[in-house]
Each structure stands twice: as structure tokens, then as C-alpha cells.
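What follows is a single structure, written as C-alpha cells, with notes after it.
Chain IDs A, B, C and D follow the sequence of writing; residue 1 opens each chain.
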Amino acid sequence: MSSHKKREFHSSREKIHEVIFGTETKAGKTFDIILLICILASVVVVVLESVPSYDAKYGKFFKAVEWIFTIFFTIEYILRLYSVYRPIKYATSFFGIIDLMSIIPTYLTFLFAGSQSLMVVRGLRLLRVFRIFKLANFLDESKIIISALRASRAKISVFVVFILIMVCIFGSVMYLVEGSDNSEFDSIPRSIYWAIVTLTTVGYGDISPDTPLGQFIAAFIMIAGYAIIAVPTGIVTAEVINKTGDKKVGFTNRTCLYCSKEGHDEDAEHCKYCGEELHKDH
Amino acid sequence: MSSHKKREFHSSREKIHEVIFGTETKAGKTFDIILLICILASVVVVVLESVPSYDAKYGKFFKAVEWIFTIFFTIEYILRLYSVYRPIKYATSFFGIIDLMSIIPTYLTFLFAGSQSLMVVRGLRLLRVFRIFKLANFLDESKIIISALRASRAKISVFVVFILIMVCIFGSVMYLVEGSDNSEFDSIPRSIYWAIVTLTTVGYGDISPDTPLGQFIAAFIMIAGYAIIAVPTGIVTAEVINKTGDKKVGFTNRTCLYCSKEGHDEDAEHCKYCGEELHKDH
Amino acid sequence: MSSHKKREFHSSREKIHEVIFGTETKAGKTFDIILLICILASVVVVVLESVPSYDAKYGKFFKAVEWIFTIFFTIEYILRLYSVYRPIKYATSFFGIIDLMSIIPTYLTFLFAGSQSLMVVRGLRLLRVFRIFKLANFLDESKIIISALRASRAKISVFVVFILIMVCIFGSVMYLVEGSDNSEFDSIPRSIYWAIVTLTTVGYGDISPDTPLGQFIAAFIMIAGYAIIAVPTGIVTAEVINKTGDKKVGFTNRTCLYCSKEGHDEDAEHCKYCGEELHKDH
Amino acid sequence: MSSHKKREFHSSREKIHEVIFGTETKAGKTFDIILLICILASVVVVVLESVPSYDAKYGKFFKAVEWIFTIFFTIEYILRLYSVYRPIKYATSFFGIIDLMSIIPTYLTFLFAGSQSLMVVRGLRLLRVFRIFKLANFLDESKIIISALRASRAKISVFVVFILIMVCIFGSVMYLVEGSDNSEFDSIPRSIYWAIVTLTTVGYGDISPDTPLGQFIAAFIMIAGYAIIAVPTGIVTAEVINKTGDKKVGFTNRTCLYCSKEGHDEDAEHCKYCGEELHKDH
């Protein structure tokens, strides 16, 4: 392959990259919008196909459309892998994994009937909408949410572990109390399931205590669940307030001209790392 | 039409404007109170009419009262359009649209039976009560709420989109898991509906999982829903605190004329730094 | 009546006041503890009496105990009225009204059978426990809660009015959508009741939508209710933080030596009211 | 016993202490991991044993495993008591009580059938995981949660007492309103149970009002419960923010030795005001 051809190949690869990944050029934007419509349409088809009355009528049509979309998404995935400089980095990125997961289920239907329902995972690809339409503002906002959740991760984990141990103990106690009289509490796993339904204030009512003592314990769990909800809320709220504050300090995007470090406070006059004077030309 | 007549016409138009829109004059106030009572009464009539036992007894009376109110509201709407200088601006305003929507349903009953129930939209006109009774304090408060919600709009949207994608995926998984054994999960839309009922901790219990795996996934969704509620709460709380703070800082903008320092309380008479007198010209 | 007797009468009145209202003397403390036990016991009797199986067995005993407590509370109420200097002020105070309401139901049983259940209102008298045991800390805490709720009263009212209008409109829409197919949505009031059950995430499941459109609207109401809960939470949280802050500023308990006014900031050097220098000896 | 032997005894006791309580040495770490696995396994066995179909098949195997774990835990408990210098202090500590409670139920099965279900209390021993893996970060986080909950203890107590009095009164009112028509509200305790189910927004639906007045009161309780949740949330959030703040301000207490200004970041090396070097001796 001559150097000229190589360059051409290179440029065709870059062209594909621009269309598939880019959102700046007209071709890139058009491609992205078509892609979004295809994703939405394919999700709707999967959902409709699961309704027996629709499937009876349009089953063959749905199957055909499904395969068309899957082939289209497969080609798109291969082109993405091909046009990117580091295919492994893309393949292991968040969107790379989702892109792969959204085409596998259709092929799996050869092996397991019904697995096409997993295609709704394609819905996650819709998250691209935020990137495509340059909803920078939305991205910023979700960054605050995500960083707040990340910061409160440890606290939330402790909280969830605590909740899990609680529901196990409550479930076992209820099994002891109600088990003999009430066929609904016939095993500890079922009782734990009930305890979760109750503590989270979901309250299906498919299982509910009959004995006075059982109702007393249930009442206790409910009030506990009603009050405990304050804990994750408090944690996340504190972090959101924290992060919103951080962002506001965001205009301290000042960089030291000597050591190139960032993160200086708005009122700083000297670099906090090297001590040189900072410019106020913000 | 002579100039004199024109002025008379003009003044009659202004008179009507004063009575219908104004809340300062006695006539304007009386009109507004009568209007509020009519709105409340007409909503009550619509609600009562829908109860079969009442409709059987007083059906004709309800119909008559309904038409009287509708004609009254129609005349009022026409007078509002007539008395306002820019009728289009009023017609496209929040209250203008609601005023129109509250008279249309009765006329629609000629075309579609049952559409009179839509008249409860009249209830929205009751929001006028805040303006009429000059509940300035209440208006201020709702402004804080609205501006807090507006500021958190982007974050809430991201959150709702995320929730929607989650329930679609959870619904599909449950359809796969429970669908074959449990006739309640017979399609993905129904399963998504169930996932929403569960994630939001509503928990009707009209659809509930039967298999151990289904209950395990359900338990996971419940705990997720129980913890995730912290996110919108954290977002809105951060904004409410933000807005409340804004309002409060509003009046401590006073600067000492002698030492130029700021941050004085509203009731301060002397500068807390140098002791000189402060000007009240805030 | 001689002056001597009058004084004696006076002192006996003061004695009664000390025992009944006071919590300092031993007699006063003993009386209060006995009173609390009687209140708790009388509430328990009322609750147990309502259980058919207990009532069949111990009905006569319960009735007797009830009358004994009622007569005791009546005497106590009369003595309170007698020993207080301004009986009307007590009778119209919070505890005065509750004291009266807790004795009336028993007498009402002559007129209406079953009204004795209202005696549980006696439970409210238990709030006295906080005063009696000098739970000053608890009282302080509840003052913060109450002042936070009072401060957010206006905002909460706007929120509740908004919720009420929302459920009316949602209820009517569901009546239109589900009414013809689903006998559970047979009137607007019932549909509004369902909308409240759904929006507040209670979700009994006694009424639930059957049609796809109805379930779609229900899903919308649920997500709305799930997100809207953030509003009252945000409001109250902002106020609690506010009030907790106020309390903390407590260490700026500095008083001007010249004009004796308090409330100066920690960094203040001069009195903000008279301009004189403040002492830093905090 | 010679002094030499005593020392040997001492050292063997210290050895055991190191293995059982310690987490630094390899032996200590291995022991702890084995212990954690045993705890998890024994909990799983107890849970599975309660499922009738598993118990029928593997009942004898479960019984045997259970006894092996119990004997192992008993030996461990005795060794803990033996190796600790102050056995009573350990026996009355949080983990000491849980350790004891997790072995008693198996022995109790000689007296009461079914009491082995209480063994799930062993789950609480899993809390050790945080200590064993030196999840210092997690411990810090849970300390913030716990100290926030402790600080809001008084406020939460007032809130819970208030809620309890509320549900008693609402329950009694509903008993009066619904009791005669609706067999579900046949006693005050049941009605109080219903009021708790409703106020906490759990909403089983096993008991639900039928009369219009009952549904009206129920709607009121729901909206109250929906709004009241803001109170504990507000309290805990305020405390979490408080505690998080405490922790953070902890390390920015540095003062510049040249210009005496404070407020430097933890990673600052130079004063951000005058540019002189900062001392790291924090």
C-alpha cells in the first residue's frame, strides 16, 4: 500500500470518525439524529412486541424491523471500533459497553427464546441525546448530581448495609411471630421480602400481618422506615449543597502563570503552590 | 362617532377593566369575590354531578346551574377581551388560557358526552385568590418555590430521564423473569407500569411478583427507589436554601459612608466597625 | 368573711395551684406523675374497650374505670379553674381546651352511644410530660421544629393548595378515561380520592387503573408525586437550618454597655444601635 | 504455679487475644476472614432452613451445620471472654452482647421449637466487616451519620411522640366514622394500625375506608403524612450539613506567619495573600 493510499485510508477513517462521533459537522449531526430516532423506534418495537395482542397481529413485521435495526446498530458498532484510534478504550468505555449490549440480545434469540426483551437496554443509548444536542447545561447539572452521589457513596453504602441487616432481623422476627398463623409468612426469605416492602413504604399488601403482635411490629417498622428515609436524603442534600457551592467557586478557574496549577480562590493574590503573583485578569 | 362619544366609550371600557381586572375599588373587589364563589360552586356542581346517585336525583338542576355558570363565565371572558388594551396578550397569558379552557368543555358536550368533567379545570382559576386578596406574603413565598423549581429544572429533568430509562430496563427484566409464570406481567408496558409503581414507593399491589427471583429484583428496585428519592429532594433543598438566602441578603447591602464596610443588619443605626451613623436611605 | 379567713382562703387556693400546676414541690411532682399514669391508663382502657372480644369479657369493668377517671379529671379541671387567677385565660389556653375536651366525651355517651372513643383525645394531655419532667432540652428542640414549621407555614399552604387543585384535575381526567370501563372510578370524588392515594405514594390498591391510558396517567402522577415531595422537604429543611443557625448565633450574646441592646455580630466592634464601643470580653 | 509458667500462660492469652481481636497480624486477619465467612454461611443456612421445600430435602444437613457453627461461635465467645483483660467490659459492650445473642438461640431450641430463626441476629456481627477490613473511610462516614442522628435524637423523639399521638387520635376518629359500616375498622387498635399504615405512606390496602367521610379523613391523613415527612428529613439534613461542615473546617485552620491571614487550603504551600511560604506543621 503506497503512502498516498495510506493517507487516503487514513482520511476515510477520519471521515467516518467525524460522522459517527462528531457532532460539529452537518453530516455528524444528521447521523446522530437518525441514530437517536432508530434507537427510540427499536425500543418502541421491542416494547410493543411483548404485548400479546399486538404480537399476534404484527409479529412478523416486528421481527423484521428488529433485525433491520440490529444489523444497522451492528454496522455502526463495527465502524465505531474501526474509526477510533484506540478501539479497546472505546470498547471498555461506558457507551462502548452499552453499544455492544444493545446488539447482542437479538443474536441471542437463536439460543434463548425471549431474550430480545433485553434489547430495551438500548434505552441507555438515549443518554447520548445530552451529548448530541450539546446540552452542556444539562451535562453540567448531571455532573453535579453524579459528583454529589459519588461523594456520598461511602455513607450511602453504610446506610444500605445497615438497612439490609435490619430487614433480615425484622423478617426473621415476623416469621417467628406470624409464621404459624399466617400462610403468607411461610419462610424467612418471604418475610424479609415483606420487611423490605414495608420499610421502604412501598406496601403492596400482597403479604400483610394478621396477628395483633405482628401488626404492632409492622407499625414499628413503618415508622422506622418513615423516619430513616431522612438519612439518605440528609446525606445527598448535604453533598448537593456542597457541590453547588463548589461549582459557584467554579469561576476561580485561574491558572498560575509560573507553575500552571489551578484551583486558586477568587480572593487569592499569590499562587498557593509556588508563591508567585497571580493575575487578576479573569 | 363624535369625539365625545368616543371618550365615553373609552371610559366605559376603562370602567369595565377596573371592575373585572382591578382589585382596588370596591366594585372590583366585590366582583372578584362573586367570581371566586361562582368558580368554587361550579367546580362543586361538576364533581357532584359525576356521582350517580346525586345525578339521578338532581341531574336536571345540575345541568341548568352548569349552563348558567358557563354563560356567566363566557360573558366575563368576552368582557375581559374587550376591556383589555391588548386582547391577544391576555388571551395568550396563563390566566387567559385557563379562562378560555374553563368555558369550552360545556360547549363541547354538544359534541362529546361526558366532556363536562373537564370543567374542573376551572379549579385553576382559584389561583386568582392569591392575587385578589393581596396575599402578597403568599405570592412572595410561592415565588421562592417557583424560582427554586426553575433553578433546579435542568437537574430534575436529567433525574426524570434517568428514572424513565431505569423503569424501562427494570420492567423488561421483570417481564423476562416473571412473564412465563405470572399472568400479571404479561407484557413489557404492564411491567414498566409495575416498575414505576414500585420505584416511586406507591405500591398498589395490583401487580406483584411471585417467583423468588422476581421478589429479589423487586426488593432491589424498592431499596433503589427508597434511596433515589434523596436526589430530587437534595436538588430542590439546595435551591430553596439558595433562594431563601438571596432574599435575606437582599437588605443588608448597606455600606458605611465613613469606613466603606458592608454587611450591616437591617436594623443597624451605627456602623459596627467604626461606630459612625448609618444612613437609612435603603 | 374576716380578713383572716380571706387570707386563709387565699393561701389554700395558692396551695392547690402549687400542687396542680407546680412541678417544683414534692406534692406537685407526685400529683403530676399520678395524673400522667391516670391519663395513660384511661387511654388504654378506651382503646381496649373498642376490641369486641375484650368488651364482651370486661365491658362492665371498663365502663366503671372510665367513669372513675372521668370524675377524677372533672374534679381536676374544676380545681384548675378555681386555683388559677385568670380562669378564662386558662380555659382558652391550649392545655385548657384539651383538658375540657378530654372529659366531655364520657358525658356525651348519655346522648350519643359510641362517643366515648373520642376520649383518646386525652392522649394529647400526655404532651404535659415534657413540661413536668423539665425536659427543657426536648422543649427547646420542639421549639425549633415549631418555629421552623411556623416560618414555612405560608410556603406549605401554597404547596397544599397547589396539590389540592392538581388532584382535582387528575381525578377528573381519570374519571373520564377509566370511568366507562372500570367500576372503581365511578364518580369524580372517588377518582380524586384515588389521585390523592397515588400522588402521596400511599397506594392502597383498592382502586387502580385498568386501561393502558389510565395506567399511563397513573404512572405520570406517581412520578410527579415522587418528585414533588422534594418541595415541602426543601422548604422545611431550609427553615430548620435557618433556625438551628439562629440558635447557634447565640454566642453573640453581647450586650452594649451604653444602650443595653443585644444581638451584635461576633466581629462587631461598635454597637450597631448607639455607636459606642463594644467590649471584646466574650 | 511458678512465675515462669505464669508468664507463659500470660503470653498464650495474649496470643489468643491477638488472633481473635487483632487485625494487624496475618493470623488475626485470616481468623477474621474465616469468621466473617462462617457468620454469612450460618445466616444463609438459617434463612434457607425456614423455606419448607428446602427444609424437607436438606433438613438434617441444615441442623448439623447449624450446630457446628454454634459450637464454633461458642468456643470463640469463651476465648474472647478468656483473652480479654476485662471480660465484663467486653460482655457488656455492643459487640459482646451481639456475640452472646448469636449463640443463645440454638441452645434455646431445646426449650422452644422454632427459636433458631432468631439466629439471624448473627447478621449484626457482619458489622465487624467495617472494622476488620480497616474501612476507615467507611467508619468515618458512619460516624458522621451516627453523630448527626445522635444530635437530632431529641428532635426526632419529639417528632415520633407527636406522630404516635396523632395516629391514636386519627385511628379513634376513623373507628367512629367507619366502624359501624366497615368490618375492617372493628376496633381502635386496628384503626390505629391503619392510621400508621396510611400516615407513613406505606398503604397496604388490607384495610381501607369505604364511606365518603372515611375517605375524606383518609385523604387528609395522607396529605398530612406526605407533608410531615419533611420534618425528620429537615432535622437530619440540618445536622448532616452541620457535621460535614465541622469535619471540613477542621484542616483549614492554618495561619500565615507573615501576614497572619487564615483560610488557606490544605494543599497550599504558599500564603495566597502575601506569597510567603506556609508551614506544614498542622
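Operating definition for what follows: a contact is a pair of C-beta atoms (placed from the backbone, for glycine too) under 8 Å apart; a residue touches a chain by one contact, two chains touch by 3 or more.
Bear in mind the structure is a predicted one, so any value in this text is a computation, not a measurement.
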Fraction-based call for chain C against chain B, same above half, different below: different
Chain whose Cα centroid lies at the greatest distance from that of chain A: C
Computed distance of Cα centres, chain C from chain B, in Å: 29
Whole-Å gap separating chain B and chain D, where each centre is the average of the chain's CA atoms: 41
Distance between the centres, which are taken as Cα means, of chain C and chain A, whole angstrom: 43
Residues of chain B whose C-beta touches two or more other chains: 159, 189, 192, 201-205, 225, 229, 233, 235, 237-238, 241
Residues of chain B touching chain C in the complex: 43, 46-47, 50-52, 114-115, 117-118, 120-121, 123-124, 126-127, 130, 137-138, 141-142, 144-145, 148-149, 156, 159-160, 163, 189-190, 192-193, 196-197, 199-206, 225, 229, 232-233, 235-241, 244, 264-265, 267-277
Residues of chain D that touch chain C when the two form their complex: 154-155, 157-159, 161, 165, 168-169, 171-173, 175-176, 179, 186-189, 191-192, 198, 201-205, 208, 212, 215-216, 218-219, 222-223, 225-227, 229-231, 233-235, 237-238, 241-242
In the complex, chain C residues that touch chain A: 201-205, 233, 237
